[in-house]
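Structures given as C-alpha cells follow.
Presented sequentially are two complexes of chain A, the first with chain B as partner and the second with chain C.
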Partner chain A sequence: MVIAFYVLGFLAMFSAIMVVSSDRPIVSGLYLLLCFIAVAGLYVTLSAPFVAAMQLIVYTGAIIVLILFVIMLLNQHRESETKRPKWVTALSTVAAIVIGWGVYFTFITSKVVLSYGKMSPIGGMKGNVEQLADVLFSRYFIPFEVISILIIAAIISAVFISKKRV
Partner chain B sequence: MVPLIDYLILSAVLFTIGIIGILIRRNIITILMSIEIMLNSVNLVFVAFSRFQGNMDGQIVVFFIFAVAAAEAAVGLALVVAWFKLKESIQVDDMKLLKG
Partner chain C sequence: MMAKLLAPEVFMIVKVVAVFIIVLTMVAVGTWVERRGAAFIQDRVGPNRVALFGKFRIMGLAQPVADGIKFFFKEDVIPANADKILFVLAPLIAFIPATMTFAAIPFGRSFDINGVHYFLSILPPATNIGVLYVFAIGSMGVYGIIVGAWASNNKWSILGGMRASAQIISYELAMTMAVVGVVLSTGSLRLDRVISAQTGLWNVVPQFLGALVFFVSMFAETNRLPFDFAEGESEIIGYHVEYGSMKFSMFALAEYANMITAAALFVTLYLGGWHFPWLDQWIWGSILAFLLKLVSILWIFVWVRWTLPRFRYDQLMRLGWKVMIPLSLVNMIVVALFLAYRG
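Then we have the complex of A and B:
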C-alpha cells in the first residue's frame, strides 16, 4: 500500500512535469494520459474503485482522445519561438511556486488534517458502489439531474461554436 | 499506512505544476491540459478526505467535477478549433483582439 502510493505519486508528479515542460503538444497529451492513469491508481489505494473506473473512462477515454484529436486536426508539431522576454517566464514560475507553497503551508499547519493518521474503518473497498449509489440517489438526486442539463448544454454549444459559419 | 497529509502534499505539488503550466506555456491546448491536471489534484483531495473521514460525499462531488471537466474540455476545444479557423494559430500571444 505504501509502496503503491509512492510509486504512483512519483509517476503522477513526473508525468505532470513532463506535460508542462514539453514543447510538443502531442508529447504533452501522451504524458497527460500517464498522469491520469497514475491518479486512477491512487484512487484505488484510497479504496474508491468506482471513482478510479470513472477516471479511466471519462478522462483517459474521452477527454484525452478529444485533446489528441484536436492536436492532430490542427497539425501542431512544435510551439513556435516566444516573443515573451525570459524574465517574464521566470517570474511567472516563481509566482506559481509561491501560490502552491501557500496551499502546501495551509495543509501542513492544519491541526485537523494532521489528526487524520489512518483511514476510517467504514467505507472500504467492499460495497463501495452500493454506498455511493445510496448517497447519490437520495441526497444528491437534484444535482445529479442538473448535471445532465449541463452536459446537454455543453454538447450543443460545442457543436454550435465549431460548426461552419453560414 | 499512508497518512492523509501525504495525499494532500502530493495534491499540492500537482496543483503547483498545473499553475506553472498555465503561466509559462503559450500553446492553448497545453494550457487546457494544465487545467485538467489542477482539476485532478482537487479530485484527489476530495477522495482522500472522503476515505479518511468515512463518508461518501467527497466521491459524489468528484463525479460532479468529472462532468464539469468534460463539459469544459468540449467547449474549450471547440473554441480552440473556431479560433484556429479564424487566425491559423493557437498561440496565446496572438490572442489580442481586445487589446485595441
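Then we have the complex of A and C:
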C-alpha cells in the first residue's frame, strides 16, 4: 500500500507538472488524464472504490474527452510563443507561491486536519455507497440540492450564451 | 487434482487465465463468424479455403490463425508526420481497458466446498462497485481512438476520432441512465446481487424500455454498425487509417473484446446472467447458460451489422439526445415510482 501510494503520488505530481509545462495542448490534455487516473488509484488505496469509480467515470470518462474534443476542433498543434515581459512572469511566480502557501497554511490549521484523530473511514471497502448516500441525503441535503440548482442555472446560461441570436 | 485446483490462489490464477484465453479465443472466432455470417446473409460462400496442415478445411475456421500470422509478419509502418510515441501507445490504450472490463462480470453460479465460498468472476463481488467498475474502465476505451486519431496526423483519422468522442459521450449518458433502473430495482451495485434479483423474472420484462435503450447504446459504444462513425469504412475509413500490421490488429481485437464485454453486461443486467430454467442447477450448466446467451447476443451484433445501413451523423446525435436519453429517464422514473408505491 505504501509503495502504491508513492508510485501513484509521484505519477500524479509528475503529470500535473507536465500538464502546465508541455507546449502541445493535446499532450497536456493526456497528462491531465494520467493525473486523474493516478488520483483515482489513490482513492482505491484509501479503500474508497466508489469515489475512485466516480472519479474515473466523471472526470476521465467525460470531462477530458470534452477537453480533447475542443482541442481537436481548434486543431492547434503547438502553442505559439507569446512575448511576455519578464516582470509579468516574476510577478505571477511570486503570486502563485503566495497563494499556494496560503491554501496550504489554511488547510494545515483547519478543523479538518486538527480533528484527524476523530475521523473514521466511510465503511471501508464495503458499504461505501450506502454511507455516502446516508450523509448526502440527511446531513448535507440542502447544500446538495442547492448545488444541483446552481448547475442547472449554469447549463441554461451556457445554452443561452452559445445560442445564435436571430 | 481437484483439491489442488481449489486452493484460493490457484483458483484465482486458473480463473484469470481461463477468462483471458476464452475471451481472446472468442475474439478470434468472432472475426471468423463475422465474415462467414456476412457471406451467409449476402448469399455468398465467404472465407472457407484456409485449411489446417493443408488438409482439414473445417469451414475455414483456421482463417483467424492465418490472419494473425499475416498481421505479425507485415511491415510495421509509422508515418513520417505522425507523433511517434502516441502513435505506438494508442493501440495499447485501446486494448488494455477492453481486456480489463470483463473482470467484474460473474459468468457462473458461486458455490461452497468444505465451507469455502468460491465465486465465478475475477473481481470479488464484495467490492460493491460492480457495475461502476465496468463503466469506469470501459470509458477509458475511447482514448485509444482519440489518441490514435490525433497521433496519425491525418485529416480523415481526426474526423473519425472527433466523431467517436462526441458519439461515445452522448450514448454513455443514456446507457448509464438505463442501468440506474436496474440498480434501483436491485438495491445494490453488485453484479451478483443483480443476477440473484432476477431469479424467476429477467429484468428485460419489467424494464423493457431500459433494456432497449441499453441495447441500442451498446452498438454506439462499441462503434458497430449502424453507428460505426469512427470507422465508416465507405466514407472516411476512420481513426486507424494510418495503422497497419499488429497495431491495426490491436484496434480490431479491442473492438471485438469491447463487443464481448458489452454483450456480457447486457446478459448480466437484463437477461438474468447465468440463470436458465433447469440448466442452472449445476455449476457447469450455469456457465453454459451464460455462454449461450452471450453467443446469441454476439450473433445479433453480426446480424444487425449486415442488415441495417449506417445512420447519418446528425441522425445519430438526434437519436441519442432526443430519443434515448428521455426514454432512459422515463424508464428510471417508472421504476422509481413503482418501487416507491410498492414500498
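Here is the rule we use: the second predicted complex is superposed on the first by the 129 of 166 C-alpha atoms of A that agree within 3 Å, B and C clash if a C-alpha of one lies under 4 Å from a C-alpha of the other, contacts with A are read in each partner's own complex, and residues count from 1 in each chain.
Convention: a residue touches a chain if its C-beta (ideal position, glycine included) is under 8 Å from a C-beta of that chain, and two chains touch if they have at least 3 such contacts.
None of the values given here were measured: they were computed from a predicted structure.
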Partner chain in contact with A:Ala158 - chain B first, chain C second, else both or neither: first
Touched partner set for A:Thr109, first chain B, second chain C, both or neither: neither
Which superposed partner A:Val129 touches (first chain B, second chain C, both, neither): second
When both partners are placed on the shared chain, which of chain B and chain C touches more of chain A: B
Chain B versus chain C as contact partner of A:Leu66, first or second or both or neither: both
Contacts of A:Met54 with chain B and chain C, given as first, second, both or neither: both
Touching partner for A:Leu30 - first (chain B), second (chain C), both, neither: second
Touching partner for A:Tyr140 - first (chain B), second (chain C), both, neither: first
Residues of chain A that lie at the interface with chain B and also at the interface with chain C: 50, 54, 62, 66, 73
Touch list for chain A against partner chain B, complex: 1-2, 5, 9, 12-13, 16-17, 19-20, 23, 25, 28-29, 32, 35-36, 39, 42-43, 45-48, 50-51, 54-55, 58-59, 62-63, 66-67, 70-71, 73-74, 76, 79-80, 82-84, 89, 92-93, 95-97, 99-101, 103-104, 107-108, 113-114, 116-123, 131-132, 134-136, 140, 143, 147, 150-151, 153-155, 157-159, 161-162
Contact set on chain B toward chain A in their complex: 1-10, 12-27, 29-30, 32-34, 36-37, 40, 43-44, 47-48, 50-57, 59-60, 62-64, 66-75, 77-82, 84, 90-91, 93
Residues of chain A defined as touching chain C within the complex: 26-27, 30, 33, 40, 49-50, 52-54, 56-57, 60-62, 64-66, 68-69, 72-73, 75, 125-129
For the chain C and chain A complex, residues of the former touching the latter: 86, 126-129, 132-133, 135-137, 139-140, 142-143, 146-147, 149-150, 158, 161-162, 165-166, 168-169, 172, 176, 189
